[in-house]
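Naming follows writing order (A, B, C and D), and every chain is counted from residue 1.
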């Protein structure tokens, strides 16, 4: 049954499913990075989410929502390394921080998480929309979620997930300014950014959990 | 027209043809060495015969027969290196020495050359018949030539060349005791020795020159 | 255990980074030790001196973590295969090498390394440790001179770490150490080519494609694009192409200048080819009036399965030359 | 120019030996010089001392000719690819290293090397130079201990040349030098494996075949047959197999013995794998009570394109340990 809001334990359950979705998507994510980078993005995300699952499972029942998110972020940051360890770690940590004090996770929380997350990433990495990075999925998802705070959570989550996909699609036409792909120039064209693809997997899995 | 004996200049001409025959046989000789050794026998022989040709061409007309042979041997020894540089260098040097003072090359000279050549090789390398080395072609050729001193040179040369082939064929059934193949044990079986194959090329080219 | 099509002698392809790290600690024969999760630090450190910390992803051995030793780096923070070390590993290494005089981070210019070392520096500053950073960006073909901050760090890191390591044995302040390291970077340029793709142990798949009849000119050590593809050619044709790119860059090289000339193999290119390339390159260097103070030929900056070479030039002034001539020892580079 | 299917950066495949030699002379940065046709000799030689001459075929770089230097060999006689140097090259090198105290020939046990060095020795004796010969035969898998004269020389030549090189810096007679070199040989054993075939530059063809799912256990450095083929396996499975073969041989290794442990790559096996193998091997050495005095991990004894590794153990007694601890420098191996 679609969930209109989540308890902290449900958030944890959701993030465990997010982790499984990323782990399952490893070959696709690595393949995307092979086209533009060094081919290890899926492996890094898999490593980060495997560590994240362990960390999430250790959390006591009722751990505050912000801590649930930031625990995942910390686990990713310290297990992954690489660009995406810092980027996705910051995403969940900064996004989580915005939810301090919140006892349920609803459409507004989603918007708050996505906005603070992408802002944290932009501050950390300096990339902006159009640079062919994960930001190209993060930013439209955050914008869409901000427009959708009046909608029920399942619809808001779906809208955000769709926006992330559109962002990833848009990244195909961009020339990279960050990361290993930045020296490819026009050689980038036609390939989506691997980190943006990870964001679509993450938001897709959140939507699936919320809608199920 | 078949030649019943050779002048020293004809010996030189014959050895130039021997050199060309070996150079042309390079792929076959290397292939034989790939089966049992390190695959370079043809290359080494090619190098040696190329140097040998140069040396032969520099010789003045009328250079004594023994010097013609030993010049080739010296050129091979100092350009090839490897087992076959020493072995084939010794063959032509020791074989040539036996012809000192001879003004024509006839059936008896052939027998003298082949005997002294194989004895020099045996003394240098310590291999005997059955050890799967060039000696397995050299020795039967020398024996056959010794039996054929009463025959005209073209027939004696043909008999020696045939004996060398038979020796190479026999080497297929031997287990190597020398050179790189010695650790192969039964893995040697079925493959002819590369150095023995070179001897068949050398004696075959001598026969062809003498018979032509 | 994932499949590994590259026929490598390993165990679990996903554990390569941890296991090679354990091997590396043993390779130091008791002169360096494991610290924390995945850092390596010399046992004997010069007291009251600024520290030199290097680091980066694994899979390029012996760099960076094989460059720890007397006269080289004091320690290294090590990431997973092709992944910069996470901030907590940077922190654990920072704490272990610090002797109260601060720590210089010296690493190659890759997004992941910059992000993680910066995060590590923030954590270290919270612990009261002063950190300075010098980023190695010697790869001429990755961006024009006007955009140096976009240039990658490649094989030039070896002479740079050697020079900074010598400085770390002699100077007393972090500022001095950083100044010299930056000078070593400013005086170093590299151009690389690739002939065969690399692979990641976890997948065994080639990380890029390269036809049999082409060479990637200016390619990075993961196969990042450079100046373009050129037809497969001879050593005598390739050496001047590489040197032309080096000479065209903004490091002034004048007749009489002394240099370190480093011919690096990406790993699957053998020493014979390095020697034949050196034979082609040296007369060109000499024709330009350059004096080779030291030649290095080795595979020190590598990439799993990858074949290719790079030339690095480090121009020595009096200060750098004095530092160069000090001895050093490490798993990756040793000099009497 | 013959075809060269191995995608190597060379020029004329038939000129590789000459050209790598020219490159090698340059790599020595003026410390060694070209002598005669294809020999390399140190410029500064200890006066009135017995000389150490090494040599062999090319294509295995950096050995042998890359092992010339202070504390290593005085000179090297170099053959063509995979071919021992001819006698006149041995002679030219002999004359150049001799300082009136005679010359020790130290090389690997291959038919071609024995034949040509013996011929060279005869020529040298004619010139009044005393020559002694010590033949390196460390390859355990090439013959049983009862037939040591049939054993090949493989990677163990590196510690042997290092020890003999140190001796050449310290002893005064050829007899002493030969005694120590022979002791180093007697104290050294190696076992190698191969995972991918080599090739000869002139043909570019693989010199042997090896299926993707097998490893040649005990194979020589040209792919010569060893103990047999085993299924492709992990580093943790392979290390004990190699060590068992070493331990089963006739070099007594007892608890408390100190050793040099050398993990060599045949060239296309990367450092990561050497490190992972070292991690697997060291606990087994320690369980036997052996003390590793020095670990060496490198590709010093190689074969064009070939992948594979070997373990070499040199047992140090007091005399060898003292010699081991002396510094040395060369293109192929340097130690502080």
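In this text, contacts are C-beta pairs under 8 Å (C-beta built on N, C-alpha and C of every residue); 3 or more make two chains touch, one makes a residue touch a chain.
All figures in this text were calculated on a predicted structure; none of them were measured in a lab.
Common neighbours of chain A and chain B under the contact definition above are absent.
Of all chains, the one whose CA centroid is most distant from that of chain D is A.
Between chain A and chain D the centroid-to-centroid distance comes to 54 Å (mean Cα coordinates, whole Å). Centre-to-centre spacing of chain A and chain C amounts to 32 Å, using the average Cα coordinate of each chain. Mean C-alpha positions place chain C and chain D at a centre distance of 28 Å.
If the chains shown are joined wherever they touch, the resulting network is a simple chain of contacts running from one end to the other without closing. Chain pairs recorded as touching, per the definition above, are A-C, B-D, C-D.
For chain C in complex with chain D, the touching residues are 7-11, 16, 19-24, 26-27, 29, 58-59, 61-62, 66, 70, 195-196, 201, 212, 232, 234-236, 238, 267-280, 282, 292-295, 297, 299, 302, 304-305, 307, 309, 327-329, 331, 334-336.
Those residues of chain A that touch chain C in the complex are listed here as 30, 34, 37-40, 43-44, 47, 77-87, 124-125, 178-180, 182-185, 187.
Of all residues in chain C, only 14, 57, 79-89, 110-112, 115-116, 119, 142-143, 150, 152, 200, 202-203, 205, 207-208, 220, 222-226 touch chain A in the complex they form.
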